[in-house]
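Some notes on the structure that comes next.
Chains here go by letter, A, B, C, D and E, matching the order in which they are written, and residues are numbered from 1 within each.
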Amino acid sequence: MATQNTKTLARLMMAPSVLLLLVWMIVPLAMTLWFSFQNYNLLDPSSDGFTGFFNYEYFYTDPAFFQSVWNTLVLVGGVLLITVIGGIAIALLLDQPIFGQGIVRILVISPFFVMPPVAALIWKNMIMHPGYGVLADISKFFGLQPVDWFASYPLFSIVVIVAWQWLPFATLILLTALQSLDGEQKEAAEMDGANFINRFIYLTLPHMSRAITVVILIQTIFLLGVYAEILVTTNGGPGYASTNLAYLIYRVALLNYDAGGAAAGGIIAVILANIVAIFLMRAVGKNLDR
Amino acid sequence: MGRITLKNVSKTFGEAKVIPSIDLEINDGEFVVFVGPSGCGKSTLLRLIAGLEDVSGGQILIDGKDYTNNAPAERGLAMVFQSYALYPHMTVRNNIAFPLKMAKMDKAAIDKKVTDAARVLNLTDYLERRPSQLSGGQRQRVAIGRAIVREPSAFLFDEPLSNLDAALRGTMRLEITDLHHQLKTTMVYVTHDQIEAMTMADKIVVLNRGNIEQVGSPLELYRSPRNLFVAGFIGSPKMNLIEGAYAQSKGAKTAGIRPEHLLLSKDSGLWTGTVTVAEHLGADTFLHANVDGIGLITARCDGEFGVTYGDRIYLTPDEGKLHRFDGRGLAIGNAGLAA
Amino acid sequence: ETLTIATVNNGDMVRMQAMAPEFTKANPDIQINWVTLEENVLRERVTTDIATKGGQYDILTIGNYEVPIWAKQGWLLELNKLGDKYDANDLLPAIKGGLTVNDKLYAAPFYGESAMIMYRKDLFDKAGLKMPENPTWEFIGDAARKITDRKGDVNGICLRGKAGWGENMAFITALANSYGGRWFDEKWNPQFDQPEWKEALQFYVDLMKDAGPSGASSNGFNENLTLFQQGKCGMWMDATVAASFVSDPKDSKVADKVGYAIFPTKGEMKNHGNWLWSWNLAVPASSKKSDAAQKFISWATSKEYTQLVASKEGWTAVPPGTRTSLYNNEEYKKAAAFAGPTLAAMQAADITKPTVKPVPYTGGQFVAIPEFQAIGTNVGQLFSAVIAGQSTVDDALAQAQRATQREMKRAGYPK
Amino acid sequence: MARSVTTRHKVTATIFAWIVALLIFFPILYTIITSLKSETEAIAGFNLLPSFTLESYITVQTQRDYLTPFMNSVIISVGSTILALIIAVPSAWAMAFSPTKRTKDILMWMLSTKMMPAVAVLVPIYLIFRDLGILDSRIGLTVVLMLINLPIVVWMLYTYFREIPGEILEASRMDGAGLWQEIVYVLTPMAVPGIASTLLLNIILAWNESFWTIRLTTTNAAPLTAFIASFSSPQGLFWAKLSAASTMAIAPILILGWFSQKQLVRGLTFGAVK
Amino acid sequence: MGRITLKNVSKTFGEAKVIPSIDLEINDGEFVVFVGPSGCGKSTLLRLIAGLEDVSGGQILIDGKDYTNNAPAERGLAMVFQSYALYPHMTVRNNIAFPLKMAKMDKAAIDKKVTDAARVLNLTDYLERRPSQLSGGQRQRVAIGRAIVREPSAFLFDEPLSNLDAALRGTMRLEITDLHHQLKTTMVYVTHDQIEAMTMADKIVVLNRGNIEQVGSPLELYRSPRNLFVAGFIGSPKMNLIEGAYAQSKGAKTAGIRPEHLLLSKDSGLWTGTVTVAEHLGADTFLHANVDGIGLITARCDGEFGVTYGDRIYLTPDEGKLHRFDGRGLAIGNAGLAA
């Protein structure tokens, strides 16, 4: 299949995207690196000069730093868990013949159409608000004390909101993958006496493994950078209970206007993200070249 | 254990009526072969029996019980797909082991069965490969392996040997026959290979455009084809069908004589003709000759028959083995019966 | 010429946009492009642009927090072409003072606000309470607990709890000010380890627990406004602009039952928290259209503009809190019941001397140093955790102290 | 598949699917309903039957120009996605059908370009944009979004392409198709559902991108995210207005999704390969 | 126009050396058939020639020019894939028309060609269908159609007729032969069908584990197989290979006699045996007999030969057609040459 001939061509065809991304990566990265060693506060032009690793030190000694790393992992992990499992379940459900399939599909994928800050606003104000959110209304209907989601379960609430936004993405990719499963293989498995569950485990799941991997990897990258939802709902609080790395950087970058500190935070975030990515690649990457 | 009854079964795909209406009884333990031209509905029929397609009408009974609406898994049949349908992400071993795993057989027993099957199928060296790393014939053998490790109530084979070489095909033919003798399981077998059909079948079903033309034992079909279609279809090279004066002289619209029932000579005979093509197979020679007053005739003779294009030859039909057909194509009496 | 004006999405600014055609009609050579954004986003956006000299805007809407900081950086143009009719002396002195650096005016106030108490007269009557002229925190605490009726879905008091320097910290800072607390001593040492803070915070936390609404830790101005309008709060202390909303019968169920009172004090201490905020229009130094920009600013913050709004939308709709003349206007006083209390609140505020002890900074409910946004938000997070029941007053204060010290050291204080 | 399913199965699946779908859709549904309420109604507690007033829409419409940001959103999101597709298709083709030992690393690296938190590079990027003079320009924004989404596009296409049996492409090579023809006539049509889904998902991602679209624009190029940002949390009651604005921001993309959902999930069918 | 030369070509997949080293010359206009056991490397060889795989070593010349590193499209070859590889998103018509479209032929000409091909292939009724709606044989015919509409410098056919019924296969065989005569284009053809190999080939290449065992005309291979492998592989049923006393008496390690070269009798003969299986094909009968002192022997006789399991029969080898092999399996002299 892959002959020398196509390989040469392949290099050529990859060139544009690789070059573009190289520039897109290197230029800001170099500038960020440079800033991260500078004393550079937007609001204070008088502060400048080389500071060595001070920005880094300052960033990781932030009282919120370790909790924010942990929160980041919980957020990513929680959302991945919900979206992947939920996505598979819903994809399987939508793959069945049902009445009004088209409408159901559009309903299921529509949360993806909502801009993240808007989604956070909707959930915060209309669904989860302990005073006049729908959930509160439901609790009250059952005579229960409404839950103050953002105060009692801040990180969980954010996981729910973010998972709601990303569930459609997972569902859609998995559904498309599911539908490319060869019909005759399914038939063969049926003939071989595999019931629905076995067909799922031995046939569907392996078939979807690449798609699942892609969902996990792409979402991880996005989820590592979630901050708008936090900003709108909890502002990282109470305490640092819902501060993640991205939000911490936001605090440094856009509240403190400490471009140097933010740059250092960015570099730290990139390093951590790479660790996560390498770990993930180890865990699921082999599914890619199957 | 495996009596399959089709009652008035029909199948349409959209507009196309692929199977108008079929009644067929397959007895328990019988080896039934479906033959018929490409596209006549053999695979469709197998798939209907397997439950992979819904019937458009009629009933499918297994051991007298109505299974028309049951799922494939409930029917307990094993099938070799014409297009193999291997599991691409599993190794050959796992492909073959899959049905056993599904049957919750214990590991040691599975291993033994798989190893045995692999040996029979000449696949031992390939057990750890993925299907994509196999040759066409190897893939086909994996598909066979997946079916024969099981003990289903019936086997359904859809052209299982089409991609194998003659030697292997011979071996596999014997293996499948053996399996049949051992297990005495009903087998439904689709093939285009005349030798397979003739040697393996207890009963051959000749299909044409979704209709059954004739059902019978191999020699029955060879000797007394019920109509022109069966006459032309069973036997290779195919029967010469002759119309005109000669046929009329025999009291028929069409007279049929098989190539092997023509006596060839370079000196004398009933008919004279000119050789158009001589195909030398080593063991036989197929001669295509233009016979004066009759037309193109194929004859077969043993070994070498030293003629080439343009040579004059003489042919004498073995009139005891003549087949006669009336205007509607149905056989009259049956000359061939005597043979 | 096209002016690009960055503004927040508050009602008065939106109204300004609606009125703008009057200005362009009078000045046909000027077109206006509006950039309306949510407050926080606008602040980021504008700060980034101005600090990097992006030059995207001709007029900025900024708070009195930024004005002195930016003016010192030389990022703002002095407003010296507002015209003769502008009457800068009419501006409320407290407001104007906050916008003046070295005797130069760097921004024109569009509207201003302080904080006050809004309370439900009917509930007070029912509980047999009467709002004193100069309420104290002790009274407020008692009253709030008395009014609270959880079954009837009435909370004694609604206060900000959502973390943020402009959210809960605005209120808590004002509260602490009135308790005699301060953010920094003269040497820029954070003061969270002082008893005033502990007392104030403890009071706030207890009060919210006993008489506050559920979910208080994520309530900001809007959430409380909604609660109050729904009749779920007995009292609410917040920006004076809220008055125009709660008294608007279109949106508010309790419009006719609202009373107003000045921001409380602690015991005998005569300090009303010193909350003072204004939204102002300023011209960035990078603007190449400063003449036109000043022309517009002059128009939008003028008395004529007030008249224009009044004639089109009624007196309650005019931007409050900038000009003395407005509060002398009988029509306005008649139309807006909250006019008097608002003026009183604003006059009571002195952001140059927010608390009884001396401070090295200006600012009432904030500290006018660049670092405050981050520090304030960080501290706000810690305090909201207490409201949410996930931390204690002592812990929060200790953490706040440490975090603030850290940031101040980083920023190189004392300077 | 060829078999029809029993009605019972279908009905059960239908009920389940609708429950799940409605649960997931509920927040949006409620937003739409709220947008048809008056402000006081909007906060008056759970109520699925609004008074169907268009008041909020009218307010939103008169307050802010909708058409310009809408057009900007369309141009930017569609433009960036198509640009990304044009660059990504060959690249994904290469990685899917001519993989080397490096392929996985390259894929991962591409994704890693997205790891830098946007806030951390705001200043560098803003400076670059300022110096290039493309602040507040559609082109600049389109390019940025293209670059942001490029890795995702490559990844998604790569997954879909990998599902296509290589033999079919080989067949086309034997049939004398050049590279370009192979991609246009064989690969693309077969991968249509995958490409469509990539296209839509990335249009949505670009449509919803609300960091750079707000930070790098002022007026001329400001898309609907900026439009929405002007309605989120002002002072005063705003639920109905925010809902209306949100509905207006979501509606176009929702309608697009509606029309393309068949394409989206049609699935790749490879019936004719043995 | 289509002389293909393989020089020292080898191919390894990962660890597996599928083709160790092959030298082969295919002359312009020649019809070359590759035969060999399943998995021996036939398809791989075709794919190497086509340029779908890189060679691991060696050179591929077309008309003397080195094409080893050229893309498939540049080689101007047409191929029928063993697995068909139809375009699932195109109708049958478009599948067949695709290569012509690629060659920028004008529309009317394409239409004509496609219609002609469809007629020959019995696909006229299916032109608007998608591949997934076709039977196995119909799909295979589409794959053939896609190749034969072209005028390439050589055709590569990988088991193109394996899924067709005997009658159609016969027709197709003639069609391809005709095509070859008309165009005089080089054809490289892989098949497992002995009849196809024998009748169509100018030259047969027998492959075994990636090595060429023998190259020669069909009858050459039939008559004088160079070694045991070729002897066993060419001819069906396969040659009886006898070791022991009988072979030694003929001065060989192994003696080979084809089933068709055994004279059968119920009364007398050189060898006596017991029938184990009798396969009645109608035209012939294959007898498997256990011959005393020699072992299992297969014999073929014309028509019906009325024996069944357990009957005693007599067999006499036609010693003029005996094949003799030495200890290394190579043929000695050649008895068969005379036949």
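Heads up, the rule we're going with is that a residue touches a chain if its C-beta (ideal position, glycine included) is under 8 Å from a C-beta of that chain, and two chains touch if they have at least 3 such contacts.
Chains and their UniProt names: A = Sugar ABC transporter permease; B, E = ABC transporter ATP-binding protein; D = Carbohydrate ABC transporter permease.
As the structure is a prediction and not an experimental result, all values here were calculated from the model.
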_In terms of touching chains, how many steps apart are chain A and chain B, taking the shortest path?_
1
_Contact counts by the stated rule: is the higher one at A-C or D-E?_
A-C
*Centroid spacing, where centroids are CA-atom means, of chain B and chain D in whole angstrom*: 54
*Using the average of all C-alpha atoms in each chain as its centre, how far is it in Å between chain C and chain D?*
39
*If you average the CA atoms of chain A and of chain D, how many Å lie between those two points?*
15
*Mark out which residues of chain B touch at least two other chains, giving numbers and ranges.*
52, 83, 136
*asked:* If a residue has to touch 2 or more other chains to count, which residues of chain A qualify?
replied: 1, 6, 42, 132, 182, 187, 254
_At least two partner chains per residue is the criterion; list those residues in chain C._
44, 48, 52, 226, 230
*asked:* Quick check on the complex: what are the chain E residues that touch chain B?
replied: 13, 35-39, 41-44, 82-83, 122, 133-138, 140-141, 158-159, 162-170, 192-195, 198-199, 218-219, 222-223, 232-238, 258-260, 279-284, 286, 300, 302-304, 339
*In the complex with chain A, residue positions of chain D that touch it*: 1-2, 5, 9-11, 13-14, 16-18, 20-22, 24-28, 30-31, 34, 43-46, 87-88, 90-91, 93-95, 97-100, 103-104, 106-125, 127-128, 147, 150-152, 154-156, 158-160, 162-163, 166, 170, 179, 193-194, 197, 201, 204, 207-208, 210-211, 224-225, 228-229, 232-233, 239, 242, 246, 249-250, 253-254, 257-258, 261-262, 264-271
*Would you pull the chain A residues touching chain D in the complex into a rising list?*
1-2, 6-7, 9-11, 13-14, 16-18, 20-21, 24-25, 27-29, 31-32, 35, 40, 42, 90, 93-94, 96-100, 102-119, 121-123, 125-127, 132, 134, 137-138, 164, 167-169, 172-173, 175-180, 182-183, 186-187, 210-211, 214, 217-218, 221-222, 224-225, 227-228, 232, 245-246, 249-250, 253-254, 259, 262-263, 265-267, 269-270, 273-274, 277, 281, 285, 288-289
*asked:* Under the stated contact criterion, what part of chain B meets chain A in this complex?
replied: 50, 52, 71-73, 76-79, 81, 83, 85-90, 98-99, 101-103, 146, 150
*Spell out the part of chain C that touches chain A in their complex, as residue ranges.*
40, 44, 47-48, 51-52, 69, 73, 162-165, 167, 213-218, 223, 226-227, 230, 232, 370-371, 373-374, 377-378, 380-382, 384-391, 396, 399, 402-403, 406-407, 410-412
